[in-house]
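When the chains are written out, they are named A, B, C and D in that same order, and each has its own residue count from 1.
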Amino acid sequence: MTAHIASLPADRASPALDTRIVLEVEGLSLSLRNADGLLPIVTDVSFAIRQGEAVALVGESGCGKSITASAIMGIAPDNAEIGGTITLNGQAISGLSPRARRKLCGRHMGFIFQEPMTALHPTLSIGRQMTDTLRHNLGLSHAEATSRAAQLLDRVGIPRARDILKGYVHELSGGMRQRVMIALAISCGPSLVIADEPTTALDVTIQAQVLDLLDDMRRELDLAMLFITHDLEVVGDFCDRAVVMYAGDVVERGLSADIVRSPAHPYARGLIDAVPDHDDGRTRLTPILGTVPPVGQWPPGCRFAPRCNRVDAQCRTRPALELHGSTEARCWHPLEPSA
Amino acid sequence: MSIIQATSPDRLPGGDEESFVTTNKTVWQRLLTNPTAMTSVVMLVVLGLSAILAPVLAPGNPLKVSPADRFIAPGAEHFFGTDNLGRDMFDMVLHGGRTSLFVGLVVTVISMSIAVALGAISGFYRHVDVVLMRLVDGLMAFPGIVLATAAAGILGPSMTTVITALSIVLIAPSLRIVRGQVLVVRELQMIEAARSVGVPTLRLFTRYILPAVSSPILVQASFIFSAAVLGEAGLSFIGVGIGPKELSWGNALTEARNYIAQAPWIVLFPGLALMLTILALNLLGDSLRDILDPRLARRR
Amino acid sequence: MTSEPMLAVSGLSKSFKAVKAVRDVTFSIPRGKTFGLVGESGSGKSTTARLVLRLVEPTDGTIRFRGRDLAGLSPGDLRRERRHMQMIFQDPFGSLNPRMSIRDTLTEPQLVHGIGSPAEHLRTAERLLAEISMPRTALDRYPHEFSGGQRQRIAIARALSTNPELIVADEPVSALDVSVQAQVLNLLRDLQDKHGTTMLFISHDLRVVQFMCDEIAVMYLGEIVEQGPREHIYGAPAHPYTQALLASAPGKGAGKRARLKGEIPSAHAVPSGCAFRTRCPSAFERCAIEKPLMRDIGNGQKAACHLLDEAKAA
Amino acid sequence: MLRYLGKRFLLILPTIFVPLILVFLLLRLSPGDPAGMMLGDQATAEQIAALRSQLGLDQPIWIQFLLWLKGIVTLDLGNSIFFREPVMQIIPRYAGVTILLTLVALTLAVIIGITLGLVTAMNRNKPIDRGVVTTAVLGISLPEFWFALLLIFIFAVTLRWFPVAGYNPPSAGIVAFGATIFLPALALGVRQSALMTRMMRSSMLDVLNEPYITTARAQGLPESTVIGRYAMRTAAMPVVTVAGLSAGYMLGGAVAIEIIFALPGLGRMLVEAVGRRDYPLVEGGVLTISLVLAVLNLAIDVIYAILDPRIRYQ
């Protein structure tokens, strides 16, 4: 499977082609078991991330991007049924026991959440949360863990690190909290960091600072980064490649520069057109009509068909993810690449 | 936050221009299909009917003494047996239920009405709130039954005393809940939206705030009912309740405890009736909470 | 353009105990135009929106609307005046009463202001539904049956139901997904063009403000630091904060640009002199001592920064 | 921290005074002459007048209130009418039993509640969870005094494991004391432990859904640490809060329990004093219970402040 992915044309232009693959997700599907049976949430998601590379998982709320990340981390809800294979640093981890999966967390995978205020413990000190992780994962002594924690805080640009270690999350500003979260995620030297909407809750100027920090950390530590977001402009700026999801499906995959400039899938095009353009005056926006179908009410065939302006009878059957121009798209009638 | 909730199906936006989100069952449908709720309703209907129909089911004075029939074990003649004075326990339980349920109902209505009125004022006027909440603090921490005992001792045991004492004691917890809910609702954006539209204060209260707090009030009322039934029985049991001339489940147990070795049934049945009533009310409160507040229900 | 602006706010201030949330805000909106307030959290933009409508009582300042000072109106007069000024809120899930059908929601404003008969209320509600492209069957449905975008459209219809002259929209699309955002923004602009409504538009999203507004004021820590026509604010920002704000927005490539250092100070401890000086890349001594005044820099653009004086003197 | 405790102390004052004032008003404002009622039908007019002036009942009500307040502050509550000795000498003879009973019952309830709450939350919807949840509903519906009678019937009358009634103080040895306190404490504690089980269970289920628990797991911490340190710390807080209220209910429930088990405690003393119209002793009993509760609640506030650093800053 590695060979298959490595041979994708999209990868040929990837800046990180020569490095090893850290994470490989192949045919990942996830359903939630409830009283009425199995509810599919995510179907057939495949992508790979190389060392030092940032891959974006893009989509609107409910597209399944966050739960995909939780499946990779092994912290999906208890009632989730997961199919497909997940390979981390060459080891197939999807078949491992929950206990073995947990051992990979922290040490090999770090996680950054959207809301650091709620993602950090409210009544344990910052230092305690960091040293717990360091001591458990790396077997450090209390003193070693404390000084390592202080170094980490220093590294993510937090002044007075020793004082902050004694403090609590509610005493920090939003940007500082997210820096602590980042320090925690990279604390045990993971090869993969998954960031779930890490800057959505932040102000614009702080968002820029935190994005820069993430970018720096990725380069300095040669991290593979899975960046989950709804914001295509952030993707264009900070990610090498992008995977666009819609209604639990991957609809487009390729270099993020290509997708942002000239997407093949009408949904990706719609997402770009829906954002007000910087250098435009009073023109109308081009919205995507209708709304995302709820989970469990996906149409057969192409799931975007009911909202698509290029739809025809063929769209009643499910298209495959195929190469169109420079990117791969799951579409019968992809857009022509623009010059 | 985002990991589980963003993708949980019930939070997804759904429907488009012509097809709206398919709605869940109405409150009534949920009530009727909730086994716990229906069990409690059936229990309460049976208990209520037997209290109302007690004079028909057990005619005559249940307190009439019949020394020849002392300590008859439960059987076909006397379903629940007889006590130390030869009184039929079945009759006593039926008639005792009238007192318990009557006191419970009246106390619930009185304390909840006052709590809603005061809670509304308290939720809207800061200075009233400060005073009222300190009073509530004082009343909440202190054991109501001790206060009611003192009150009953001073005012003399009677049904009025019991109802007054329990009403006062039970206003405090209800008031705190109503006030808390009003404070939450008051901060909702729909209230600001209504104010910005120009909705007058009184209409704001009746059309926006009261409907929003009605569910917790209903839930609280069933718990207050159960607390009142328990309180009456407790007061009557220690002899400062409705007085020995009236029948109540608590009263019946006062003397029964001296004969527990000879005739355990005279302790068993009034207590069982009491417990089933309280159980039914608690179950009703629990299931109402589940039905009216789906956010909490998902947890069960 | 008529000479008198629809709304003229002057010296508007609000303190919550020791916190000066809004300080000396002055702006005016010509009839039929959209004025944007943009800023990060703690900038006081949402409080300003509520002060303008007197949903929050101002500590100081005047709000001239339709020829009268709103700040001086009695509660009764203010309530009656509300039919001419309506608000759209950020949270489409919270701003509608879940127990009121769409019919009741849309007729409520007319009812409380005594506009027309019940039959007319219903006709207006039906017309509004048509304007937001929703079928008549929506009337007897309840808010929870709609998606976020649909609810926000209903909230817009409610705001229009009294035919107001001013609409204040506080972050009306920030709770919505991008594709739905576009629907709502289009709708707002179409309706504004059709009815000629004046709008005060509040957002943290520079792209959205640029799309919606004719004139824009940038707020920082409770004050307006720069204000002017859209094309000048975006084309030639004069204040270092505006420049930084524009530079921080994503979508410009990953190249390293000058980033603002530090965090937004707490509103409890606003820095002396220029409030922005603690994060400003070009701050100098004067900024800590003296508060910069708003100065005209031509083309209707104004900014409060000492650098502009220095540039002029140089 | 000290400021917080000072504030909590001020908030606890109403807990002491509201019940006392209520009793004061009931005594003074209820129909009939307390002095006459206390002395009974045979008393002469002189005797009544003497008692009236001794109790200060011939003074205006506000003077009575001040005198009464002075008595409380100086802990001089006068003489018991029945025992003919100072109230403050009688109270300690009864208070110890009640306090011990409440503490044992509270400890039982907290241990049972936290353990079962934890077990059920970790085994949600499994047979053990369903079993305990059902039992807890039954437990909450169990009247203490009836449960006490059942316990006596089963363990004292039938199995003869414990004495039917009576009391051995701790000085008589821990086994003798335990034998007389176990059944009363169990009877008193069962409702509260059922309440705490439910509270702990739902609080734990809430906390397990918190993002910071996901973070702890995502950091690779073992489940025992995640539950034992990260979840328990926050999940136990509502239980701590409830413990204060539980103590109050228990002091109330102790009245009936002390009567049933013939324990020489405050509750029984109070009921007897009420029956004898020994008002100084009634006031003394109420004051004692208030003070015990105030101390307990302060202790809980301290625990709370240790568990939750956030409230220290409020």
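Just so we're on the same page, contacts are C-beta pairs under 8 Å (C-beta built on N, C-alpha and C of every residue); 3 or more make two chains touch, one makes a residue touch a chain.
Computed from a predicted model, the values in this text were never measured in an experiment.
Chemist: Going by CA means, which chain is nearest the middle of everything shown?
Modeler: That would be chain B.
Chemist: Report which interface contains more C-beta contacts, comparing A-C against B-D.
Modeler: Of the two interfaces, A-C and B-D, more C-beta pairs touch across B-D.
Chemist: Averaging over Cα atoms per chain, report the distance between subunit C and subunit D in Å.
Modeler: Roughly 54 Å, centre to centre.
Chemist: Quick one: report the Å distance separating subunit A from subunit C, using the average Cα coordinate of each chain.
Modeler: Centre-to-centre distance between subunit A and subunit C: 33 Å.
Chemist: Quick one: report the Å distance separating subunit B from subunit D, using the average Cα coordinate of each chain.
Modeler: Centre separation, subunit B to subunit D: 22 Å.
Chemist: Using mean C-alpha positions as chain centres, tell me how far subunit A is from subunit B in Å, no decimals.
Modeler: Using C-alpha averages as centres, the distance is 51 Å.
Chemist: Return the residues of subunit C touching two or more other chains; collapse runs of consecutive numbers into ranges.
Modeler: In subunit C, residues 147, 149-150, 177, 180 touch at least two other chains, as defined above.
Chemist: Name the residues of subunit A that each touch 2 or more other chains.
Modeler: 61, 75, 113, 115, 118-119, 289, 291-292
Chemist: If you look at subunit D, which of its residues touch at least two other chains?
Modeler: 211, 214
Chemist: Provide the residue numbers of subunit D that touch subunit B in the complex, in ascending order.
Modeler: Residues in contact with subunit B: 11, 14-19, 22-23, 26-27, 30, 137-138, 140-146, 149-150, 152-153, 157, 202, 205-206, 209, 211, 214, 244-245, 248-253, 255-256, 259-260, 267, 270-271, 273-275, 277, 282, 285-286, 289-290, 293-294, 297.
Chemist: Give the list of subunit A residues in touch with subunit C in this complex.
Modeler: Contact set of subunit A toward subunit C: 60-61, 173-176, 203-209, 211-212, 215, 230-231, 233-234, 236-238, 270-271, 273-278, 280-282, 284-289, 291-292.
Chemist: For the complex, which residues does subunit B have touching subunit D?
Modeler: These residues of subunit B touch subunit D: 1, 3-4, 134-135, 137-147, 149-155, 168, 226, 230, 233-234, 237-240, 253, 256-257, 260-261, 264, 267, 271, 274-276, 278-279, 282-283, 286, 296, 299.
Chemist: Write out the stretch or stretches of subunit C touching subunit A in their complex.
Modeler: 40-41, 147, 149-150, 177-183, 185-186, 189, 204, 206-208, 210-211, 230-231, 234, 244-245, 247-254, 256, 259-260, 263-264, 279
Chemist: Spell out the part of subunit C that touches subunit B in their complex, as residue ranges.
Modeler: For this pair, the touching residues of subunit C are 50, 53, 55, 79-80, 82-83, 86-87, 89-91, 94-100, 108-109, 112-113, 133-135, 138, 141-142, 144-150, 155, 158, 162, 177, 180.
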